[in-house]
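One chain, chain A, links the two complexes that follow: it is found with chain B in the first and with chain C in the second.
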Partner chain A sequence: MAGRMNRDMQAFVALMALGLVAPLMIYPVFLMKVLCFALFACAFNLLIGYVGLLSFGHAMFFGFAAYISGHTVKVLGWPTEFGILAGTAVAAGLGLVAGAIAIRRQGIYFAMVTLALAQMVFFFCLQAKFTGGEDGIQAIPRRPLFGVLGITNDFVFYYVVLAIFAIGFLIIYRTIHSPFGQVLKAIRENEARAISLGYAVDRFKLIAFVLSAALAGLAGATKAIVFQLASLTDVTWQMSGEVVLMTLVGGMGTVFGPIVGAAVIISMQNYLAGFGEWVLVIQGAIFVVTVLLFRRGIVGEILAFIGRARASSAAEQQEVVADRQVEAGG
Partner chain B sequence: MFDLIGVPPQALFGQLLLGLINGAFYALLSLGLAVIFGLMNVINFTHGAQYMMGAFCSYMLLTYFGIPYWGALVLVPIIVGATGIIIERLFISRLYHLDHLYGLLLTFGLALIIEGMFRKQFGSSGLPYTNPIPGGTNLGFMFLPYYRAWVVVSSLVVCLGTWFMIEKTQLGSYLRAATERPDLVQAFGINVPRMITLTYGFGVGLAALAGVLAAPIYSVNPIMGANLIIVVFAVVVIGGMGSILGSIITGFGLGVIEGLTKVFYPEASNTVIFIIMAIVLMLRPQGLFGTPK
Partner chain C sequence: MRFSARALLAAAVTAICAGAGAAQAQYSDGVIKIGVMNDQSGLYADLTGQGSVWAAKKAVEDFCKATKCHDKIEVVFADHQNKPDIGSNVVRQWYDVDKVDVVVDVPTSSVALAVNNITKEKNKVFLVSGAATSDLSGKACTPNTIHWTYDTWALANGTGNAIVKTGGNTWFFLTADYAFGHALERDTEAVVLKSGGKVLGKVRHPFPGQDFSSFLLQAQASKAKIIGLANAGGDTINSIKQAAEFGIVAGGQNLAGLLVFITDVHALGLKTAQGLIFTESWYWDTNDANRAFAKEFAAANKGNHPTMIQAGVYSAVTHYLKAVHELKSDADGAAVVAKMKATPTDDKLFGKGSIRPDGRKIHDMLLLEVKKPEESKAPWDYYKVRATIPAAEAFRPIDQGGCPLVKK
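Up next, the complex of A and B:
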């Protein structure tokens, strides 16, 4: 366990080092998009990977938080950092309400309920005045962060977004590896047994749901400032599907899978932007292929491969030892 | 003319009829979902896409082969049902031993593929389908278009026929038995995997039939199924998937409630079904006709 945590932290440090030099080679706005979606996918993964709850409506937190941060910053004139915090807080509140309703059903029903609730939020955003309907909220200003840090410069803002991502990631990581996270995993493995052990399962699920919603909101609120736009796209069921796809491709229930998945899917969308409707077909095909052939996702398959390699080398060593014993005995 | 609670009766009954028609589609689609779920434990996310395929298939039969509406009504469920059988054999059947969530993810992916291909081929704007029974009759308090009456009556007949088949025939008793204990039914010499395949084909056929019925009312459109299926999911959650008759009643009932909301508080007409779902989940989580597990 301790070794595993150590390795994860080494990987995280390596990833952050990569993140620090990445904008020297890659367009920072693209990288910021990847980071926002990576955080979104990590937040989603907290539920599916560690509590076993498939939310098919996470776009409601992502997209609604984007509207809130856009509205507070542009119309109410709030400072950027408060706008992002407001988006996160509202997403957490929405998560509390949606979570309280959704955790009353399990499994497939949970997915359908979250999808329906997200569709309700979509229609609310379509009709509400402050969201700007089909136009969305455009030209959201990028005011200096804390009054001093000029984030109109993409290069500077990238490092801010990297820091936001790192904070979100570490919160999730800490949650997973806490006693609280152990209870969540127990619920995932055997809910009935967790109940019989005396855990208030519903409360654990709800707290995890709110945390996941808040972090998805943090990602959405940040994205609204990055692109200076909050639009209906971010609250659609297609967006909910996209975050499922990212997590599935990267590896559900792995710490780094959602990050890899987000990078892969966002890059793919970038390169295929000219192909129009084919993007939908290709995304669907990736879903089908992943579910049928690589259920563990990219990171999950790599970990499984390493695990197998270790196991077989350990077995070989044992054989060698056994042979020697035989020789010594003979 | 007299007014009812401040609403002209023309508007009220007009919306009620629209509500009944929407309810007919909810009932047909949620029935198919319930039948498939009952036997396979898979929520068929492709259902909306298959409904859309039904509408397009009848459009294509008319445009390319000159086969009229009444022919399509028979042929389309068979054709689209056959594609469903192929999908079940090729993809879904490989996932039965896994968590049910994978079935949901797989069928979601298939829905994206189907929808994307139809959008590529036909664009996102709707295609017209001529009304096979134009005209209507004036009932005094409202104008009743013949085709809309036909949709409500025919879907009611199909729904009740399905209920009769499942609850009252020998085939239905096999089906219900296989829902409870597939291994035991198999031991009695009934080919359960084949039954599952045919059931999936049947559920898909029901969705396609709804698509044929919808083609003359709504324009034939690649995205017609995507938004509808989410509402149908909510309908299924409200009704609970345990009872066939329950799905039918919930489907029609919610359609009518939605129609009434359009009259009295139009702003909420898009969301009323989701709000009812939230209330039902708080009061009776297993759904109106569901049994607690």
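Up next, the complex of A and C:
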């Protein structure tokens, strides 16, 4: 376990190092988008990968938090950091309500309840005055962070977003590897047994749901400041589907999978934009191939490959030792 | 990854007018780079899409001939998939990394408003042909944006006013129940009442809607002469189709579309769309220059004929190139736009016109009616021109838009 944790930490440090130099080579606004979606996918993965709850309405937290942070910063004139926190807090509150309703059911019913609630939020965003209908909230100002840090510069803001992502990621990582996370995994594996062991399963699920919603909200609120706009795109059910796609492609239930998945999907949307409608076809094809051939996703398959290699080399070593013993004995 | 994709794009679409020995002007990076951004794959791909890219390249080609290819001009394009965040990402990258000087077209109002802000921030030029929202020359106007082809106010006004004048004085509205639908309904209703018409009733349908039957029956029962469709895209198409099934037009009522394009009529077919009345700023079969343009366009675009948006792209790019050529510089976006506003517009498709201080391009609008199948003599022969709305009356008066650039 400790070894696993160390390896994860090494990978995380390597990832952060990559993150620090990436904007020198790649356009920072694009990287910020990847980071926001990576955090969104990580938050989603916390639910599906570690509690086994397929939420099909996570766009409501992502998109609604974007509206809240956009509205508080632009119209109410709040400082950027409070705007992002407000978005996160509202998403958490929304998560509490949606979670309290949805966790009463399992499997497909859970997914449908979350989808229905997300559609209600979508409808609210479509109708409410402050969201600006299909025009969205435009021209959200990027005010200096903490009153001093000028984030109108994309480079500077990139490192802020990287820090936000790192915080969100570490919260998720800590959650997964805590006793609380162990209980979540127990619920995923066998809910009935977890209940019989005396765990208040519903409460654990609800806390995980709220945490996931809050982090999805953090991602959405940050994205609104990055692009200086909050729009209906972020609350549509397609967005809920996209985050499922990212998580599955990257590797459900792995710590780094959603990050890789988000990077792959966002890169495709961005750099293959010239192919027009073919982007959707390519995305669909990749999804089908992933589900049919690489069910563990990109990171999941790599981990499994490393695991197999380790196991076989360990087996070989054992054989060698056994042979020697035989030789020595003979 | 980024470079290969961009190289691919550039290779695919570059239309270069190489300077034939002439000295290069002081353009930023020695080249005028035009970025056409629109929907290449979704529901607006037919009315903007590759057709707009072709129109921009055609404008470059014609300008090149007129100026003996003095300037080096490049055209690139991208698909914003009707998502404002993708559009905003592409445009930022265009301005920051790819050195694009002017962005053209951009349907979908939310994307256009996002591009509008970024263009002002980076001091480049934004020529809107595809987007409809009249905010672009109203409260969201900037010194860097020109709204070229049409806007919601002009459509509502043209359709509302002209229909009442030609006898359609009783109305019933079928409105998409969200901000855009409400705004269209409100604007049109005001025009109808002002011109002496009456609104007999209105009904709001959910957005997006599938089944319009109960709403259409209410509209039919109202006995209004005109049923105004204050909706867009798939909702308009569906309501027109279902109205045809109910025999509404055959029963003597007329449908008035508030956001309809020739590609929609083509998709619906004349049998379904006949009798539909709406406003556009350009139709290919009105004079020889337009017909010649449409013929070339059709040859290059699988037989499709140009929409007003695609024609508007041609017109806007032509005027932009003239201004830049005269200034001998494309570096300062606001200066280029100021020059464009100061120069009267004149091109083969939209004729003579002008650009107001609020960034609104002014030209005549056409009130059109879709022909009956037996009246149509050739493919794409779809419209009868019911009236021409003179430029002076076609657009929202400059003092009513709330544009901060306009001095009170």
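Some points to look at:
Definition applied: the second predicted complex is superposed on the first by the 330 of 330 C-alpha atoms of A that agree within 3 Å, B and C clash if a C-alpha of one lies under 4 Å from a C-alpha of the other, contacts with A are read in each partner's own complex, and residues count from 1 in each chain.
In this section, a residue touches a chain if its C-beta (ideal position, glycine included) is under 8 Å from a C-beta of that chain, and two chains touch if they have at least 3 such contacts.
Quick caveat: nothing in here was measured; it's all calculated off a predicted structure.
Of the two partner chains placed around the shared chain by superposition, chain B and chain C are both touched by A:280.
Contacts of A:227 after superposition: chain C is touched, whereas chain B is not reached. By the touch criterion stated above, A:77 is placed in contact with neither chain B nor chain C. Look at A:150: by the touch rule set out above, it reaches neither chain B nor chain C. Of the two partner chains placed around the shared chain by superposition, chain B is the only one that A:104 touches, whereas chain C remains out of contact.
Looking at the shared chain after the overlay, A:248 reaches chain B, while chain C stays out of its contact range. Of the two partner chains placed by superposition, chain B and chain C are both touched by A:127.
By the touch criterion defined above, A:116 lies against chain B but remains apart from chain C after alignment on the C-alpha atoms of chain A.
Overlaid on A, the two complexes show chain B and chain C touching the same residues of chain A, namely 126-127, 276-280.
Residue ranges of chain A in contact with chain B, taken from their complex: 54, 56, 101-102, 104-105, 107-109, 111-113, 115-117, 119-120, 123-124, 126-127, 237, 241, 244, 248, 276-281, 283-288, 291-292, 295. Of all the residues in chain C, the ones that touch chain A in their complex are 1-2, 5, 8-9, 12, 40-42, 45, 77-81, 83-86, 88-90, 92-93, 96-97, 109-110, 113-114, 116-117, 133, 135, 140, 177-180, 207. Across the interface of their complex, chain A is touched by residues 37, 41, 43, 91, 94-95, 98, 100-102, 104-106, 108-117, 119-120, 226-227, 230-231, 233-234, 236-237, 267, 270-271, 273-275, 277-278, 281-282, 285 of chain B. Taken in their complex, chain A has these residues touching chain C: 26-27, 29-30, 33, 126-127, 132-136, 138-139, 154, 223, 227-229, 231-234, 267, 269-274, 276-280.
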